[in-house]
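Dumping the structure here so I can ask a few things about it.
Per-chain residue numbering starts at 1, and chain names A, B, C and D are given in the order in which the chains are listed.
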Amino acid sequence: ITHWVLTLVCADGPGIVHAISGAVVAAGGNITESQQFSSADTGRFFMRLQVETTTGREEFESALRPVTERYDMTWQLDVVGRPLRTLVLASTAAHCLNDLLFRQRAGQLPVEIPLVLSNHGTLRDLAGFYGVPFESIPVTDAASKALFEERVVQAVEEHTIELVVLARYMQILSPELCERLSGRAINIHHSFLPGFKGANPYKQAHARGVKLIGATAHFVTSDLDEGPIIEQNVVRVDHSRSASELVAIGQDEESRTLTQAVKWFAEDRVLLDGARTIIFR
Amino acid sequence: ITHWVLTLVCADGPGIVHAISGAVVAAGGNITESQQFSSADTGRFFMRLQVETTTGREEFESALRPVTERYDMTWQLDVVGRPLRTLVLASTAAHCLNDLLFRQRAGQLPVEIPLVLSNHGTLRDLAGFYGVPFESIPVTDAASKALFEERVVQAVEEHTIELVVLARYMQILSPELCERLSGRAINIHHSFLPGFKGANPYKQAHARGVKLIGATAHFVTSDLDEGPIIEQNVVRVDHSRSASELVAIGQDEESRTLTQAVKWFAEDRVLLDGARTIIFR
Amino acid sequence: ITHWVLTLVCADGPGIVHAISGAVVAAGGNITESQQFSSADTGRFFMRLQVETTTGREEFESALRPVTERYDMTWQLDVVGRPLRTLVLASTAAHCLNDLLFRQRAGQLPVEIPLVLSNHGTLRDLAGFYGVPFESIPVTDAASKALFEERVVQAVEEHTIELVVLARYMQILSPELCERLSGRAINIHHSFLPGFKGANPYKQAHARGVKLIGATAHFVTSDLDEGPIIEQNVVRVDHSRSASELVAIGQDEESRTLTQAVKWFAEDRVLLDGARTIIFR
Amino acid sequence: ITHWVLTLVCADGPGIVHAISGAVVAAGGNITESQQFSSADTGRFFMRLQVETTTGREEFESALRPVTERYDMTWQLDVVGRPLRTLVLASTAAHCLNDLLFRQRAGQLPVEIPLVLSNHGTLRDLAGFYGVPFESIPVTDAASKALFEERVVQAVEEHTIELVVLARYMQILSPELCERLSGRAINIHHSFLPGFKGANPYKQAHARGVKLIGATAHFVTSDLDEGPIIEQNVVRVDHSRSASELVAIGQDEESRTLTQAVKWFAEDRVLLDGARTIIFR
C-alpha cells in the first residue's frame, strides 16, 4: 500500500471535488486527509489530498489525467514522507543550520541535505557532525559572487535539488538566481516583516522600543524581503533588553520559523495564490 | 441563492467524499468550504461543507438522502449565519455575559439570546442594556435549585433553545439536567483544566507559583469539569501577581475562550469524537 | 496609612537609590514595590516606588525635596489607585470604548471618565449605559475639525484631564493639539506598527498573506503612528480569513492592547526614555 | 572594574533598601540593575542587584557584612556572567541536551558542563561533538540505580557542581538524592503540570482532545513533579495531531523551557519563596 499526497490548483467552479474524488475511487484509493480552499481574491481552487492505494503511480496518474485535463489543473503527485532534496545556503550564524540538521536527524523534518554551501568556513564542523557535505566559497566581490551562484545552480542540477533554504545566508541573491529558484527558495528574515527594512533592524527595533520581535519565513523573490509569507512568529520583549539581547531572542524565532516553513514545504502543504501562500497545515 | 452548512459523521471508508460531492452536484450546489477528518481513534469520518445552491431545503435533502442513508450518517443541514437560539445562565460575574452580548450586538457572534437566567439579580441592568430578557431565581437549597432547573428545562422548550451557555454560572447542574443538555451546553472553567480541581483554583495556582493561567471551554457533562474540551487559552503571569490579580487576568481568558467556543458551535464547527472535539475552524 | 506611588527620572549615577531610600526612611515610609532602570541609550535613570507611610503629602515631599533637587529629578508623587481623569475620543467603532467602560466599572481600570467626545452620535447609548456624559461634534471640514479640537482643549481644562485616549477616533489630530497633549495622549493603531502604513492596512495585510496581525498602543505625536510604543499584541491568522474577518480579529487585539496601555499609564507605570517607553509592570 | 551580582533574602521590613544601597555606596559601587519583591505570603524580602565596583571581593563583603548581619540575610555575591558548573543527566532523548550544548557554545547560556551522565550510551556522540565528557551507567535495578546515584554525588563533589539538570533523564531520583540536591536540581516535565500525571501524559492529552500542550521546568523535590515551578510554556494543537505528533511538538517546548530555566538559574535570577519561585527576569 502506498500513501500518496496529491496537490492541485485550478480555476474554481462546481464539480471539481466530485470529479477528483471520483478519480480517487477509480484508482481504488482511500482519502485519509483532505483540505481545500477557494480564493475569493484570484478565483483559484486549491486542494491537497492524502490517499492510500495499492495502485502504482502510472495507474493512479491515468485515473487522474481526465480530470486534471478537463479542469486544466496544475498538479503534483508525491509519496507522503519522501525526503525533499534540499540545498542549504548559510554564512556564519549557526542557529538556523543547527536546528535544520538536528531535526532532520531526529526524524522530524522530511528532507535530505546533500550539501551545505557557505560563503564562510565557520559552519564546516557543524555540518560535519551531522555527516553533511560542506563547501565554502568566499564572496568578496562581483566575480566571487557570480562564482558562488554558479555553484548553486550547478549543485541544484547535480543533486536534483527541490528546495533551496537560505539559513541566514547573508548575501543578496542576484535577480537571475531569484528568478531561476522562484517558488522553491525559502529565506528567513529577522525582525518583523513587513516592518523595519534595511540594515540592523534589531537596532531600529530597540530604538523604537518595540514590545514584540519576530521572524518571517518567505519565498525568495527579487524584490528583497517581499516574497510571499510562509510563516511568522513573534515573542514579547521589554525595555530592559539590549539590542544584542534582542538579536539572541530573535534568533530563536528565526530557527523555529524557518524550520516550520521548510517542514510545511517538504510536506507539500505550501501553495501559491498570487502574492499569498495557502498553508494546508 | 442560499448558503448552506452541512455537517455529517459516519463510519470511515472509501468513496464517502465522492458520494457526498456527487449529491451536492446533483443538487446544483457549489462547495465553498470543505473540511474533513478521519479519526484513527474511533474510526469515524467527520465532514463540514459550505454549499451555495439555488435549490430549496427539501430538494437538497432529497439529493442527500440516498448518500446519508447508504453510509448511515448523522447529519445536519443549516443555513450559514443563522443565529443560534441560545440560553445564557449566569450568576454575578459580568465579564463573560458582557462579552457575549457585546459581540452578539456587534454582529460577530451568530446567536440570538431570548433569555438570561441567573440565580442572582446582579446582571439585570447589563442584560437590559442589550435588550435581552432577564430572570433571576435564587438558588439556596435543593428545592430552589430544582425550581431553577425546571425553569431551564421549560425555557429550553419554550424558546426552542439550541445551546445553553454557562457564563460563569456558579451552581453545579444536576446529573439529570447535564444528561438532558448533553452536547448542547458549554461551560467555561477558570484556571487550567485539567489541572487544579475543586475550590479556589487561582489561590492554588498562586501558591504553586504557576507561570501560566488560563481558561477552558468544554461541554457540560455530569463528570464535573471533565467534558470534551472545545477551546483553551493561557496567559503568562509572574510571582508579583496576587491571587486576586490572577483572577482578573483569568477572567479575560475566560471571556474570550467562552465566546470563541460559542462562536464555533454556532457556526457548526464543533463535532464530537468520543471524549474529544473536532473543531473545523 | 497612605499608599503612595513615586516615579522619578534623572541623569544616572552612583548613590541615587541610597539617597531616595534614605528620604523614604526619613518619611517613615516602607517600600512595598520598587523598580528601576538605567538606560544605556540616554544615560537616564528611571525609578518607580510604592511606599506606605502615615505621613501626609507635604511632609513626604519635604523629605524627598533635598534628594530630588540634588539629582535634578523629574518626579511625581501620587496615591496608588487614584482614578486618572481621562477623556475618551471616539468615532463609530464601539469595541475599544466598550472595553474601557466595562473594565472601568468592573474596577479593573483606575480611571474616571468625565466625558466621551465623538465626531459621530453612534456611541451615545453605550456611554449612556455606563452613565458617562457624551458629546458629539461632526467633523466634516477644517472649520468643524477646529471646533472639535477646541472642545477637546476646553474639556481637558474643564475636567483637569490627565490622559486623552483615542479609542479608534478616526481623525488625525492637528500638530498643535498633538504638541499640547504630548506625553498624555494614547492612540491605538490597527495592524502591526511599524508595518503597513496608510489606508486600509488590513487589506494590505490580507493581500500579502500575513500570518500574524495585531495592534499597537502608542503615544500620540505629530509624526503619525510613530509615537513611542506602549504595548503590542498579535494573534495568528491564516489564508482562509477574509479582509473583513481580519478586521474583526484585529479589533479584539485593539481593545485589549489599548486597555492595557491605559491601565499601565493610569498606574504610573509608563515613563518616556527618548523615543522609547519604560514600562514598569 | 568588576560587575557583581548580589542576591539576598531576609524578613521584610523598613529600611532594608536604604541599608543595602548604603553598603553599595560605601564599597564605591554603582547599581546597574536592581529588582526586589516583598512576599505577602511569607513576609520575606527578596533582592537582586548588579553592581559595578573597582573593589575586590573581600572589601565588598566587608562593606555588606554589617547589613547582612543586622537583617539576618541569606545572601550570595557572584560575578556577572561567570559560567555555572553544571552536571547534566540524560537518557536517550536528544532534544534537551542538544539545545543546552548548542546554546552553551553559542555563548547564550552561562554554564560550563564538565560531564554528561546518562543511563544509556545513545547521546555519547552528541556530547562528543561539543567536547563534553560523557559517561553512561546502565540503570536496570536497585543496585545499578544506587551506583548511578553514587556517581552523581561523586561528580557533584569532584567538579564542585552548582546545578544538576535533568535533561529528560527518565529515572526517578531517590528521596535521599533529591534532598541532597534540593534547590540546585532542575527537571523538565513534558505535558502540562499540574495536569495529567503518571505514565504517557501525551496519550492522555490526546484522548481528552486538549488544545494546548506544554512543558514545565521545576526544581526537583522528592514529591514527584511537584517542585517549585521555574518556567512554563505552551503551544496550540488541534484534533488532527496524533499522540506521537504531540510528543514532537511537546519536545520543542521542553527544550526551550528547560534552557530558559537553566539560564535564569545560572544568572542568579531564581529565588525560592516557600513553594514558589521568584524570577527576577
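Please note the rule applied: contacts are C-beta pairs under 8 Å (C-beta built on N, C-alpha and C of every residue); 3 or more make two chains touch, one makes a residue touch a chain.
The model shown is predicted, which means the values in this text are computed figures rather than measured ones.
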Assembly fragments, subunit C aside and the remaining chains unmoved: one piece
Pair joined by more contacting C-beta pairs (A-D or A-B): A-B
Centre distance in Å when subunit A and subunit B are each reduced to the mean of their C-alpha atoms: 37
Subunit A and subunit C, separation of their C-alpha mean positions in angstrom: 41
Residue numbers of subunit D (touch at least two other chains): none
Chain contact topology (line, ring, star, complete or other): complete
Residues of subunit C that touch subunit D when the two form their complex: 13-15, 17-18, 21-22, 24-25, 28-36, 38
Subunit C partner contacts - residues on subunit A that touch it in the complex: 37, 40-41, 192, 194-196, 206-212, 214, 228-234, 238-240, 242, 273, 275-279, 281
Residue ranges of subunit D touching subunit A (in the complex, touch as defined): 94-95, 98, 102, 106, 108, 129, 248, 252, 256
